[in-house]
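After this come two complexes, each holding subunit A, first together with subunit B and then together with subunit C.
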Partner chain A sequence: MNAQSQKPAPFLFFITLAVCLFMFVPVIISIMAGLVNNYRIGLESGLTLRWINEVWSIYGSTVSASILLALACVICTLLLGVPCAYALARSKSRCARAFEETLMLPVAVPGLATALALILAYGNINFLRQSYGFILIGHVLFTLPFMVKTVSSAFQRPDLLAIEEAARTLGASFTQRFLGVLVPAVFPSILAGMLMVFTLSIGEFNLTWMLHTPLTRTLPVGLADSYASMRIEVGSAYTLIFILVILPILWLLQGFANWAQKRYGT
Partner chain B sequence: MNRNKKTSGQAVAAKRHNPVLLACLAPATAFFAAFWLLPAVLLVALPAEKGWQTYFIVLTDSRYMWSMINTLLLSLATTVCTLMIGGAVGVYLARRRFAGRQMLLSLLTAPLAFPGVIIGFFIILLGGRQGWFADIGSALGMGRITFAYGLTGLFLGYLYFSLPRAIASYTAAAESMDTQLEEAARVLGASRWEITRDVWLPQLAPTTVACGAIVFATAMGAFGTAFTLSSKFEVVPITIYNEFTNYANFALAASLSITLGLVTWAVLFFTRVSGTVSSGT
Partner chain C sequence: MIIEKTRIDIIDCAKTYPDGTRGLKPVNLTIHPGEVIALLGPSGCGKTTLLRLLAGLETADAGSKILFAGRDVTRLPVEKRDIGMVFQSYALFPQMSVESNIAYGLKVRGVPASEQRKTVGELIDLVHLNGLEKKRPGELSGGQRQRVALARAVAIKPQVLLLDEPLAALDAKLKETLRDELADLLRRLGITAVHVTHDQQEALAIADRLAIMSAGEIIQVGDGESLYRKPAHPFVAQFLGRVNRIERDENAIFHGLISFGDVALSCPDHLKSQTAVLLRPEDIKLVPAIESLPQVTIERRAFLGDRVQLQLKTHNQQVLMAEQPGDTVFRVGETVSLHIDTIRLMPANNH
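The block that comes next holds the complex of A and B.
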């Protein structure tokens, strides 16, 4: 950074300040509203954990359901995505590129359309429709491309080809090479993909709102319900719980990206 | 030479491994074919049951046409404003070094992980009937200002979920900008505006195109925010939802979904293709 670029830039400073206010003020109001006795009166009405407890008793199950769903989604994208990423990284054919492009469609097309298509095709299979499995399918469709993209670009590292070749000449079978050499070598990217899939799954609403039933509700679905039918304090307390669940994971993701940048320089 | 060796080695490896590679692809392919391709084909075929003209309902029925035009204009306005504001913030954050900068950046990008419903709720907290602006307005004797349930609220909500992406992209892009060009322009007596137009904008152009496409496509398909605000201003995802749940008009909902999906996919696809072409030359 040279001295010139540290010159005062009042216009940019003003915009940045305004954006910070716009982004942070609603979060601060929301956190406060979830922790005070009465939102209309404000801080003078005293702080309380009453609303948090109320949310926990009404919507507690949605929090655990969402976390379990996100974990299941991570496992599914690992099992489906990592081998797929390897195959896409190693094949240079036009078919593979076309397949990669098709795999991205559930991200490019609005979630509402994907959900509608799923309901049309499988909505009348009751045991599936009424289980969390239906939502899980939607989440895996939506998050798989992120896992494949992240891991596939790691598999393309040129030094990996040499390592793989060396393991082969030493007589390692494909499974040994894959699990013993390749997967550990790209593990940082796999971990980054897992964290990304987890965050995407836990916050997913567009697909989930169409796919859920009264018995299969996730955190964002519960949030929408509380905003529509509960006091503003309850909605705020629920929002606070969501932020508390998601923030540690986001920080992990960020810290991890910084670490990888230092370690690998890309 | 080294590269040649590698690619030929790779080709041999690919040939030898073909069955293995296919086996690696199989689970993902089977899952994707069963749960996305097949349902998508059914969705695309559905409007035909009510006659082929159902596919063009967006063009022939003025109600749906206006819903689509509204959504296009709202998304376009969101994209333009997001890029201008996000660009300014990105350039500022990329060139300043202050305590807590990394922290600020991570807080500004955290809303990327929020579902749209939370952002709708934030707008209600700001501009709803019990909102912040209502309180300030009545304290100042201007009446209780509410804007959450109309076009303004919707636009602010869309801006809220788009800005983090633009700020993250522009900060990263501006950090790798060539400062020597700017230095040269300054020495030659260019004004601030000239530097912005002739030095910054061209260097940030690839980010503007790529980020703009993602912001536009996300805004077109956004559902949660508009759903929470139950806005008077109807956007296509809400129209689709209403047709499907309230009127059980599946063919129409399918037709609108296909149109919306085509628009967002086309924007993303052509931006990516033009991006690879221009970076390739």
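The block that comes next holds the complex of A and C.
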């Protein structure tokens, strides 16, 4: 490394600072709006936790609903996605390639359209329409390709092919080698996929907004509802809760993924 | 560790790929119980295909037959074949410790834990991995990984051990050490082993017999010395070690001579019809120039430590390589004479 590259570049520093400010100021203002008595008056009106309490009493259930829904979505994509990824990675047929393409469709098609299709197809099955299961189906549809793509590319690595052959020569049956050797070997990729699915599911709005009922609301849908129907301070307090709930979970998951990568990564 | 010695019969074994290319023409080979055989040949010669057919990782064409101890295993899937295989990349299970890697084959066979521990302990001693039992493959050196792969493959006491370029991923110095270790270990285990390699030194050092392969065929099978000295096919002579090709014109053939432009040597009877003959560099002796022997000029001299490699040019403009002891005094530009024992000459054409 020569000395020249170590010199501080004031211009770059200024740009970075400006971009950071540009992105953080709205977040800070939004958070502050949820903590003041009156947004129009500003800080002089005094700080309060009133709005947060109010949000918690009205929308508190959406927090646990969203987390549980995201977890259920992770489990579903895991059970459906990992075997599917393996099958796609090992299949050489043209059908498999075509299937991979269609799998990506819900990502490209607007969520509203996917939701509408689901409602048209299954909307008249009442118990389903009225439960969180309906939203879960939408979320799985939307997040499955992310899990499949991530894990499938791991299964396709040449070292994974060799490991599978090695397990076979040692006498392992399909179940033994799939669960005992292959899945642990792609575990870091599975974790990455899980993290992505969780993140996408917890913040999903498009699909959920179409699929939800007054009794099945998630955090983002509740947020939209509070913005539309209540004081700006309530909506802002809601954002604050969203950030407070999501950030620690994401950090935790990311930390776990990093740990697994270090421990199991090749 | 006692391993059963299994005889292997390969009968008319062929492999055609779905796109129609012939990976292996029908080959026949009998591997004696406890023998180490090397499949040696350039890349694309079908040696790996044959190994994978033995393993069951590829399906042989109809009419092929593979027998392990007389039992037909041709249609048996890999899992049921009872083989041990060492892969070029070692293919160790990255998330498992050294012990668990070695014990894996026993575990999936439902061997009791106490017995697993005993076998793993024996193998750790055998391949000198003591103290590394709890390490993961990622924390091991290349040589250590190779030993884990070997221990894992023999832990199940397989009928046959298949080695797919087991030393190719190692650097030259380590390769030599591990080569001798591997040869020694295979003898001690007494296991029937098939060793695929493109490295002739490795094959000569490890195997009892070598099967030289080219273009999907086995060209010749035999021990190293007979293949080196009495190749049945020019390909074998050229592939195993180095050879000079000495051309013979019509005049030389007519008079039964091998001509060097000045003095000609009389051609041995069995080579009289050959349009060219082969001669190994170490079979050319150089003596100070005399008129009764063919004379050559030294064009290049390379000192290789234990020996000196010399490039020579004959009077009829043929280029020959000769290898002389390291203390050879001849220099570039000097004229010297060839002293060739015509018994060492080999045919360059088939039959």
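In the analysis below, the second predicted complex is superposed on the first by the 225 of 266 C-alpha atoms of A that agree within 3 Å, B and C clash if a C-alpha of one lies under 4 Å from a C-alpha of the other, contacts with A are read in each partner's own complex, and residues count from 1 in each chain.
In this text, a contact is a pair of C-beta atoms (placed from the backbone, for glycine too) under 8 Å apart; a residue touches a chain by one contact, two chains touch by 3 or more.
Bear in mind the structure is a predicted one, so any value in this text is a computation, not a measurement.
**Q** Who does A:190 touch here: subunit B (first), subunit C (second), both, or neither?
**A** Neither partner.
**Q** Check whether subunit B or subunit C contacts more residues of subunit A in the superposed model.
**A** B
**Q** Tell me the contact category for A:199 with respect to subunit B and subunit C: first, second, both or neither.
**A** first
**Q** Looking at A:70, would you say it contacts subunit B, subunit C, both, or neither? Reply first, second, both or neither.
**A** Neither: A:70 stays clear of subunit B and subunit C.
**Q** First (subunit B), second (subunit C), both or neither: which does A:135 touch?
**A** neither
**Q** Applying the document's definition of touch, where does A:176 land relative to subunit B and subunit C: first, second, both, or neither?
**A** So A:176 only meets subunit C here.
**Q** Is A:165 contacted by the first partner subunit B, the second partner subunit C, both or neither?
**A** both
**Q** Residue overlap on subunit A between the subunit B contact set and the subunit C contact set?
**A** Residues 158, 165 of subunit A touch both subunit B and subunit C.
**Q** Which residues of subunit A touch subunit C in their complex?
**A** Touching subunit C: residues 158-159, 162-163, 165-173, 176, 180-181, 184-185, 187, 263-266 of subunit A.
**Q** Looking at the complex, which residues from subunit A come into contact with subunit B?
**A** My answer: residues 1-2, 4-6, 9, 11-13, 15-16, 19-20, 22-27, 29-30, 33, 39-40, 79-81, 83-84, 86-88, 90-92, 99, 102-103, 105-106, 108-114, 116-118, 120-122, 137, 140-141, 144, 148, 158, 161, 164-165, 174, 199-200, 202-206, 209-210, 220, 223-224, 227-228, 232, 235-236, 239, 242, 246-247, 250-251, 254.
**Q** Any idea which subunit C residues touch subunit A in the complex?
**A** Contact set of subunit C toward subunit A: 55, 57, 77-85, 87, 89, 91-96, 104-105, 108-109, 138, 152-153, 156, 162.
**Q** What part of subunit B is in contact with subunit A in the complex they form?
**A** 6, 9-11, 13-14, 17, 20-25, 27-29, 31-32, 35-40, 42-43, 46, 85, 88-89, 91-93, 95-97, 104, 106-108, 110-111, 113-118, 120-126, 130, 132, 156, 159-160, 163-164, 167, 179, 182-183, 186, 217, 220-224, 227-228, 237, 240-241, 244, 250, 253-254, 257-258, 260-261, 264-265, 268-269
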